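Look at the two complexes coming up: chain A is in both, with chain B in one and chain C in the other.
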Partner chain A sequence: MTTIPAEPDLEARLQAGFDATIARRDRIEPRDWMPDAYRKTLVRQIAQHAHSEIIGMQPEGNWIGRAPSLRRKAILLAKVQDEAGHGLYLYSACETLGVSRAELTGLLLSGRQKYSSIFNYPTLSYADVGTIGWLVDGAAICNQVPLCRTSYGPYGRAMIRICKEESFHQRQGYELLMTMMRGTDEQRAMVQESVDRFWWPSLMMFGPPDANSPNSERSMAWGIKRNSNDELRQKFVDMTVPQADALGVTLPDPGLRWNEERGHYDFGEPDWRELAAVIRGDGPCNAQRLAHRRAAHDDGAWVREAATAFAEREGAR
Partner chain B sequence: MNDDHGSIFDGLLGGDSSQWAFGTDFEDPLAGVDTTTPDGVDPAELAAYCLMLGDDALIMSQRLSEWCSRAPDLEEDIALANMALDLLGQARLLLARAAAADPRVVPGLPEGSPVPPEDALAFFRDDRDFRNVRLAEVANGDFAHVVVRLLMFSTARLALLERLCVSRDHVLAAVAAKGVKEVAYHRDWAGRWFVTLARGTEESRRRLLAALDALWLLQAELVAPHPLEHSLALAGVGVDPASLRDPVDAVLGQVLTAAGLDRPERAPLAGVGGRTGRDGLHTEALSLLLAEMQVVARAHPMGRW
Partner chain C sequence: MSGDRREWPLYEVFVRGKRGLNHVHVGSLHAPDDAMALRHARDVYTRRNEGVSIWVVRADAITASSPDEKDPLFAPSGDKVYRHPTFYEIPDDVPHM
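== the complex of A and B ==
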């Protein structure tokens, strides 16, 4: 890092430059000056996103061994592998902010950094693989497409690639459900039951209502976040209802109806107490997901040590 | 908000399947390929041979995929999934080839079942009908275990596929030509990790030796001559595993030398009444593996997936 001669108004000038970049909707790059709080917010958000990709491998990974056709097994395995790849891009984006992947992994495993609560729900049938693709990846895309234009360059560029792959996953999920709906009565019931379980948790993926979202305002001002939680949730509902109709499933919300005046669907209120409980760590799978991740990390420690020792020895030769 | 990516959701609705450009969306993986059995070859023998090679790939893929989300690092997680996917792709083509050569190998399903032949073979056969070597099926152990298993498996498979590229059966030749590139990477990955673990730390060396000790006795089965393979080799369709012994030995010898290890002295694992994996006589691990792999498919013999 270059030493900059002390200058009384330096901080103010740097801040002004940063503000101007944000105002132009231009990108902040790793070597640019940025306020500490901006850096911290980004690390928190990108790391949480990376952790979500890694923990998110588990619910669907649960069905790789039991995929009911070889084609579906290939699709599912490739998808879960993509999630590992997304985790890699995002940890790399985070490393440009001066935090290492190992540090971030430590923060995940110790519970100091979070991941998306949706992955604390269990996957109980093969239809869940399709529903996660359709609803969970669909909600993730709604959240993530605006992030392609986020103010921090490496994050935005990672998101462009991730969004393309996520949209592919969403189509695959929807296509699985579509195929199952053309199958037997049991399969159709399996799809409906899965949608019943995942609908409300998917709506919760957009976070608490705007009125209760403490970090949102500042993130919007910094251009890290481009749309509010409630805007994105509405967008998701509006997009999903016709897809559900085409699929032939019923979304489990008696309050769901088109509102001509608003030009949007009205919908019911998710159970925010449940979201709070899952975030607090009391969700159906919180302990299991973290234990799985910790076990993989601990079981692999001797391998990472061996690779380091081998590289050092080879390097010394 | 969707200025750059407004097209993401386009085409999501509607029943036109051409929009699902997955590269995997075809009912018959051998569509458009000449599947006539070469002159002078017994279709039943060809089918049985394809099942041997296909089952090796399928069962090995199933074991590798169990590593997903459990590897020591993200890079290795991705590598193991890649290898599982490669072998799964080989298995699909080989099972489809077996079914095309001799439809009698495909288990019967209820009338009108939409299950394609490759899935009928993968999900509706019992363990006695699987023809894979026992090395592929034994339960996973630690990371050293997967490295040793892959090294032994991919060394033999690469030697086999290299020779199978000139098979008189067009499908086998094509599967082999594609597989050579894939399995060369598998062998390279396993060889590099083998040496790394052998020369890494005391702990990694101890674990590698334990894995080698546990798995070496399954190595010989990979290159054990089987009458069927011998006869197909004579017909210019298959590869006689006996011809692989020397090249496989040479490669394993090189890796062991690089790792600073002696060749383990272990007699091959005995069969039962002389029968082993290729004869449908397996370890206890296979029926458990199949119980998991087949459970959903078997519950829905009329299902569409």
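== the complex of A and C ==
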């Protein structure tokens, strides 16, 4: 007599289905079963990404009122508006995982969730608008292009929309810097000073070195991340050096040189203690950024209330 | 924080990229009512002429198949490969096929 094999338990079957989808490099969609840890990792990553877009409006927003021409002001307004849009695409993607918008907003405002360390640096001169477009949006593009193929469908689709808009961001920044470099000695010095301040923080945008990034491996196994921090950082350096040459600025790293053998640029080690401090909340602008975001949220409360009241009255008719 | 008495409903947004194409789902947003949803959809999803027409639909008005139903619902088309053009072998020298 043969024994009837026991029905394999449901959880194991669901897990096997999930694993097979990931192995095929296919996408996980919102109504699919997924492991709790996968869901949690995604919520954290997408939320932090969304918060970064929203907080990221502030450093450049600082210069909208002081842009030197109507043309530059219109460009900067459009760019900052795009960043708001990016935040909204990403909040929507995150909500498909079962968190609410109010929860996510609360996690940012209470400081329980982080945003990119780069936005805790001040924009001290107008040249910073150009440098942010070139280096910060440039680094963001390096990070985001592979995320278009991330394993979670809604996140990948949001990234595709975002990437389409980012190239405008980088190009307007580079063009701004090119214009200043064709100007006076004083303007060229402003550009160099700005690049000196933003170079190392831009390299830190890729996160700690791989050896020090405990969750990276699991995120890569799940197809959430497609490249390691160090790979992306290298790619960014390789892309940026010729752009710096064309611009006529010096990147502030004495260790930067082409390595024929590796086929890549060698570069110095960012100050990881500085990154840790900024993440901990001790960067130059952490408190200011959160205070500003809280004030904007509170100042907008009457608008949300009015819109809700209007909708209720119309609905009651 | 005041003003968040309850969350605004979720809307799904569909955009017709240009004449001759279907509306395609592009994402979602929150809005207090239909009219505001349409305005927000315009600002969030069509800042660069991405569309000529927008639909917004309250997410809770959508009926969807669930992954568990996937097999019975979609399986019948799985074995009807003859519905796909690649099922038919046409010699290379036949033009415009």
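Annotations
Definition applied: the second predicted complex is superposed on the first by the 309 of 317 C-alpha atoms of A that agree within 3 Å, B and C clash if a C-alpha of one lies under 4 Å from a C-alpha of the other, contacts with A are read in each partner's own complex, and residues count from 1 in each chain.
As a working rule, contacts are C-beta pairs under 8 Å (C-beta built on N, C-alpha and C of every residue); 3 or more make two chains touch, one makes a residue touch a chain.
Values in this document were obtained by computation on a predicted structure and should not be read as measured data.
Judged by the touch definition given at the top, the superposed model places A:A67 against chain B, while chain C stays out of reach.
When the shared chain is aligned, chain B comes close enough to touch A:Q243, but chain C does not. Contacts of A:K235 after superposition: chain B is touched, whereas chain C is not reached. Applying the stated contact rule after C-alpha superposition, one finds that A:A189 touches neither chain B nor chain C. Once the two complexes are laid over each other on the shared chain, residue contacts for A:L88 go to chain B and to chain C alike.
Counting the residues of chain A touched by each of chain B and chain C gives the higher count for B.
Looking at the shared chain after the overlay, A:A102 reaches chain C, while chain B stays out of its contact range. Of the two partner chains placed by superposition, only chain C is touched by A:D32; chain B is not. In the superposition on chain A, no contact is made by A:A16 with either chain B or chain C. By the document's definition of touching, of the two partners only chain B reaches A:N227; chain C does not. Chain A uses residues 78, 81, 85, 88, 300-305, 307, 310 to touch chain B in one structure and chain C in the other.
Contacts from chain B toward chain A in the complex involve residues 1-2, 4-5, 8-9, 12-15, 19-20, 22, 24-25, 58, 62, 65-66, 68-78, 81-82, 84-85, 88-89, 91-92, 95, 114-116, 118-119, 122-123, 142-143, 195-197, 199-201, 203-204, 207, 292-293, 295-297, 300, 302-305.
Listing the residues of chain A that touch chain C in their complex gives 29, 31-33, 78, 81-82, 85, 88-89, 92-93, 95, 100-102, 106, 109, 157-158, 161, 165, 297-298, 300-305, 307-308, 310-311, 314-315. Every residue of chain A that touches chain B in the complex is listed here, in rising order: 54, 57-58, 61, 64-75, 77-78, 80-81, 84-85, 87-88, 91, 126, 141, 145-146, 148-149, 160, 163, 167, 170-172, 174-176, 178-180, 182-184, 186-187, 226-227, 235, 239, 242-243, 246, 292, 295-296, 299-307, 309-310, 313.
Of all residues in chain C, only 1-8, 10, 26-30, 32-33, 36, 43-44, 47-48, 64, 66-67 touch chain A in the complex they form.
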